[in-house]
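I'd like to ask some things about the structure below.
Here the chain labels run A, B and C in written order, and each chain numbers its own residues starting at 1.
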Amino acid sequence: MYQILKSISFCYGHRLLKYQGPCANLHGHNARAEITLASEQLDERGMVMDFGDIKSVIKTWIDDNLDHTMLLCKDDPLVAVLTDNQEKFYLMDKNPTAENIAELIFNYAEQQNFPVESVTLWESDTSFARFLR
Amino acid sequence: MYQILKSISFCYGHRLLKYQGPCANLHGHNARAEITLASEQLDERGMVMDFGDIKSVIKTWIDDNLDHTMLLCKDDPLVAVLTDNQEKFYLMDKNPTAENIAELIFNYAEQQNFPVESVTLWESDTSFARFLR
Amino acid sequence: MYQILKSISFCYGHRLLKYQGPCANLHGHNARAEITLASEQLDERGMVMDFGDIKSVIKTWIDDNLDHTMLLCKDDPLVAVLTDNQEKFYLMDKNPTAENIAELIFNYAEQQNFPVESVTLWESDTSFARFLR
């Protein structure tokens, strides 16, 4: 069994609803998303997938949608404010916790038919959340 | 399935009994304990647990018990010496290897009813021991 | 259940056959091989294995065979050229991808009767391939 991992750095803003503490305030993080793919067999080149192909597909989507962007829950009152002011944001059905951001990226990778096993989101150098099947 | 990890740094002294080599001497390490929790579902905030709650509980215990402290096996002749000299140490039933320190922290996290999956103890930047169920 | 990991750094040259892109050119990487061993029980010292024993066996083999060496597939036309010029290389049955190099080191560790669970080869700070049973 083989696994490969590609790490993609980006930064985002967010804030949490239903939360008591500093994460209720608007703030942001330098994040690292680690995409892990798994396969029982290698292709004719000896690869699970080319590292460059993971990067070009997932990094492009992250850069377009999440990087340097506020990630906001659809229930957040800021959504109307940022819309009125024509500021960029990314709307999530759920609270933009590290857990839910990891699952969001996992779902995108799966939609691209990548054999994704897990996505790990490092919110800082000492904290991660991971979504896996 | 979701996992979260919180990394907690501390430093400790130890030495190993029944061991031939430099680890038989009194010495110490800059260590990093990685606490991994797992859950099938998220709470209403979208979290396995708040990173800050892991940190406040586990880091407090590590700081009070293990940080800047000699970890000694109960059979170590130094136990009597340090006791006589009123020096701080932490008594372990087993040899204070990275494996047993990882299990010690795992057991503490489990006693706190954390959904702990594993504890990884990095003894250096190139070596870890992990205890998992 | 216990796991231990030892990380061993080395650098190698390679190039890939049947590949369109920059990895078809001769190039190289600063790599890190992470050897993970697993055991249900610890020995009388409280260890899966001494970190130093993993290092001395695996690092010696890597240093002798892979470090500062071109890793080439046996079908590579360069094999004849380097042979004629008495240049050092390491011959692989398969394409020298990160996946196949991880499996190569795994197989060596297994031949040494190490209870190896996986070998992870970091090809760069952002990409790894892992082989596991």
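Of note:
One rule holds for everything that comes next: a residue touches a chain if its C-beta (ideal position, glycine included) is under 8 Å from a C-beta of that chain, and two chains touch if they have at least 3 such contacts.
Keep in mind that what you see is a predicted model, and the values were worked out from it rather than measured.
Copies subunit B and subunit C of the same sequence differ in orientation by 120 degrees, per CA superposition (steps of 5). Homomeric contact subunit A/subunit B: same residue numbering on both sides for under half of the interface positions. Separating the centre of subunit A from that of subunit B, both taken as means of CA atoms, is a distance of 30 Å.
Contact with two or more other chains is made by no residue of subunit C.
Across the complex, subunit B meets subunit A through its residues 1-8, 42, 44-48, 50-52. Taken in their complex, subunit C has these residues touching subunit A: 16-19, 21, 94-100, 102-103, 123, 125-133.
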